[in-house]
Amino acid sequence: MLDKNGIAKRIAKEVKNGYYVNLGIGIPTLVANFVREDIEVEFQSENGILGMGPFPYEGEEDADLINAGKQTITALDGASYFDSAMSFSMIRGQHVDLTILGAMEVAENGDIANWKIPGRLVKGMGGAMDLVASAENIIVAMMHTNKRGESKLLKRCKLPLTGVNCVKKIVTNLAVIEVTPQGFKLLERAPGVSVEEIAAATEGELIVQGNIPEMTL
Amino acid sequence: MINKQVEHVQAALEGVKSGMTLLLGGFGLCGIPENAIAELVAMNVNNLTCISNNAGVDDFGLGLLLQKHQIKKMISSYVGENDEFERQMLSGELDVELIPQGTLAERCRAAQAGFPAIYTPAGFGTEVAEGKETREFDGKMYVLEHAFKADFSFVKAWKGDAAGNLIFKGTARNFNPNMCGAAKITVAEVEELVPVGSLDPNQIHIPGIFIQRIFQGKNYEKRIEQRTLTPKP
Amino acid sequence: MLDKNGIAKRIAKEVKNGYYVNLGIGIPTLVANFVREDIEVEFQSENGILGMGPFPYEGEEDADLINAGKQTITALDGASYFDSAMSFSMIRGQHVDLTILGAMEVAENGDIANWKIPGRLVKGMGGAMDLVASAENIIVAMMHTNKRGESKLLKRCKLPLTGVNCVKKIVTNLAVIEVTPQGFKLLERAPGVSVEEIAAATEGELIVQGNIPEMTL
Amino acid sequence: MINKQVEHVQAALEGVKSGMTLLLGGFGLCGIPENAIAELVAMNVNNLTCISNNAGVDDFGLGLLLQKHQIKKMISSYVGENDEFERQMLSGELDVELIPQGTLAERCRAAQAGFPAIYTPAGFGTEVAEGKETREFDGKMYVLEHAFKADFSFVKAWKGDAAGNLIFKGTARNFNPNMCGAAKITVAEVEELVPVGSLDPNQIHIPGIFIQRIFQGKNYEKRIEQRTLTPKP
């Protein structure tokens, strides 16, 4: 079973040379820490920076330089700042190659819910609806089950949707899963996790074909 | 050169009345028009419709207007980290319309640029698209979203001149440029009002034509919401 | 009767303090020379400058600094450069207060034609269609008749239109005319020109109410 | 940093083929991609559809491609001052689609920003709107215009870096920024390729994400079409 850093580490392997990547809040933010040093990648944050660097050293933080999670950040050489309309031109125009975001629920058909629990919690969608409606390559990073032990990989989402038919891949603490027209296809198991455990934690149709390898990190 | 400079925030906000619709720049607390917000609190106008990406925090930004119940409706993309906001929303005191962030930006830009509406893929198939026209182009579905109509736009820039030209700094740029010229009257406050002719015309982010009033802001707090640091090596 | 500079001089009186003005090619360009010095005005050129100044001195011309007529220009203090999309945001968004442009024909109902003579001349509309479709305040600067002596103020335009119901005022070598729902309303006569001469040169309905003053320049 | 730099214009134009649709920046001869145009001439590709505000003059800019009959169709807003162009158009050798300048800019921006189409008032009631969908919003009529679909976009900037970041100069900016990222592949040529990190991130007009290839241009002629002067006092 993976912890949050483990999930981020596994997702980092999906980041290819030359990719522009948008990282959501939470586990996705951790992915930046694990990307291979020998490939060229740039991180975009939808509040208006391309070429985002690590958090600043103490005393070097700048109130005018934050990411979409409102965290203080730095800018790398080659970075640029821009307004919100241009930022979403990058996203909507499919210039961003990979979007990694968290979710409350994902359905077999690629639907995703991550912005609202009616009557209980309404933080808003931020840029998530634009990202999932536009990106060709969306990876969801999340725990396989919620705090009450219920599966987050469902036949149909129960919460209000963020986007439809959009998620391509899911990396959880238990598994790597591809969203196919037939349903959730199990690609890899987390270290020490059995196919049976994954199936038990997955409400949606889980497709298991052949021998499922344990993931390497 | 057409002079847009006004002496102080009071002159800049002349004509703002209860019941108006306001556009306010900023992302979180980054790049918000602090002086204009403080003056809105002082003016005690209410029943406002505020269009802004976020709603501030409990004791800063638009949170200051929420505390005094001056806001009737918020149109935002993300409203977390604000207990008073959540309380007013769940109790029904505050009307809230949540819309995708890119849609928010582009509805501002549409108003600025004279477009009545835009087709965006964001929100298709979700409750955001309920009651809205949808349409297919090249096999992909889009939602028709309309330009905002607002009375005042309040933006904050880093540098500006009396001609109304603006330069923003870092990620404090965000929605501010898109809101310039998107309301009947755009008011810009700047950290540094510089002499006309001292800004390089090639580096101006927003030309003065989009601005009706500009003033030298004061006492910027520029609060940081999430001070995240890398340990020194 | 006015010459081209006279037309420009008369139109300059329509330019008010605080106006952003877009000047078309030809007579409109001359208007800038006659605007009162004691009012604040800025000229926009749709290729991407606000705060356009006079032509440069010899040796100071810059290939990267032209107006929409492709003439070398200068930039005044407070000027700014921008891309074509932003330029037309200013125009379409009605941030430009006054548009002055030439025409081949204007009709009683405010229609204008100025971009094409089928089979003979097709230069294109440039920014004119955006300008006339967007501007609230459009003044046409032109000669009252064409080179063959035919009226350019018509009941209906014969040439392909640039825009419909958009022209508000016309200043010619003979007269100042307002376009009203009832037709061309004569406001002023050029020095030494009679109402009869203007009527004879106007094909469209000319409304003459009361005494028509001679214009002052 | 993702490196977009290529060594020369030949590498930058790799993959350009006859029959393709090209976007080309510039207004008149100001800010045109001189190196790319010269290479298109040298490559001898033909049957091109060229989208550019103007068509150059007889012996410069896109006029060079017209001379060699490499262009099948031009989509422009203004095509005056070019005799060979006029001859080919009137004889029917050249297909010409004239569209309003603001529509041209915004159809580029729509392609860049992922909008399928826009509603603009320009051209309503004229032959430009013939066969197109029109629609009323708030009592005003608009024409539906679609985003361009192009294979290559050729732009020219003043300064750029290997990350693809661009800064334009004066009115040579014009359509160039709007065409970045509006085709499958955007090629930028720059007067000065500067080291990555030397451009102020606050002053970059076009971030590198919109650019696939960038190269140091050579031998810029930067011809002036109308040398208008004020007599020295």
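To keep things simple, chains are lettered A, B, C and D as they appear, and every chain counts its residues starting from 1.
In the analysis below, contacts are C-beta pairs under 8 Å (C-beta built on N, C-alpha and C of every residue); 3 or more make two chains touch, one makes a residue touch a chain.
Note that the coordinates shown come from a computational prediction; the quantities given were computed from them, not determined experimentally.
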| item | value |
| --- | --- |
| Chain at maximum distance from chain A, centres defined as averaged CA atoms | C |
| Result of counting contacting C-beta pairs for B-C and C-D, higher pair | C-D |
| Distance between chain centroids, defined by C-alpha means - chain C, chain D (Å) | 28 |
| Chain B and chain D: spacing of chain centres that average the CA atoms, whole Å | 33 |
| Interchain centroid distance [CA atoms averaged], chain A/chain D, Å | 36 |
| In chain B, residues with contacts to at least two other chains | 109, 114-115, 120-121, 168-170, 201-202 |
| Multi-partner residues of chain A (each touching 2 or more other chains) | 49, 75, 81-82, 85, 88, 91-92, 134 |
| Listing of all chain pairs that touch each other, if any do | A-B, A-D, B-C, B-D, C-D |
| Residues of chain D that touch chain B when the two form their complex | 114-121, 137-138, 140, 142, 146, 167-170, 201-203 |
| Footprint of chain D on chain C - complex, ascending | 45-49, 54-58, 61-73, 75, 81-85, 87-88, 91-92, 111, 115-116, 119, 122-130, 133-134, 160-165 |
| Complex contact set, residues of chain B against chain A | 27-31, 53, 76-80, 86, 89-90, 96, 98-106, 108-109, 120-128, 158, 168-178, 205, 222-232 |
| Residues of chain C touching chain B in the complex | 18-20, 40-42, 44, 49-51, 75-82, 85-86, 88-96, 134 |
| Residue ranges of chain D touching chain A (in the complex, touch as defined) | 1-3, 109, 111-115, 161-163, 165, 181, 196-197, 201-202, 204, 207-210 |
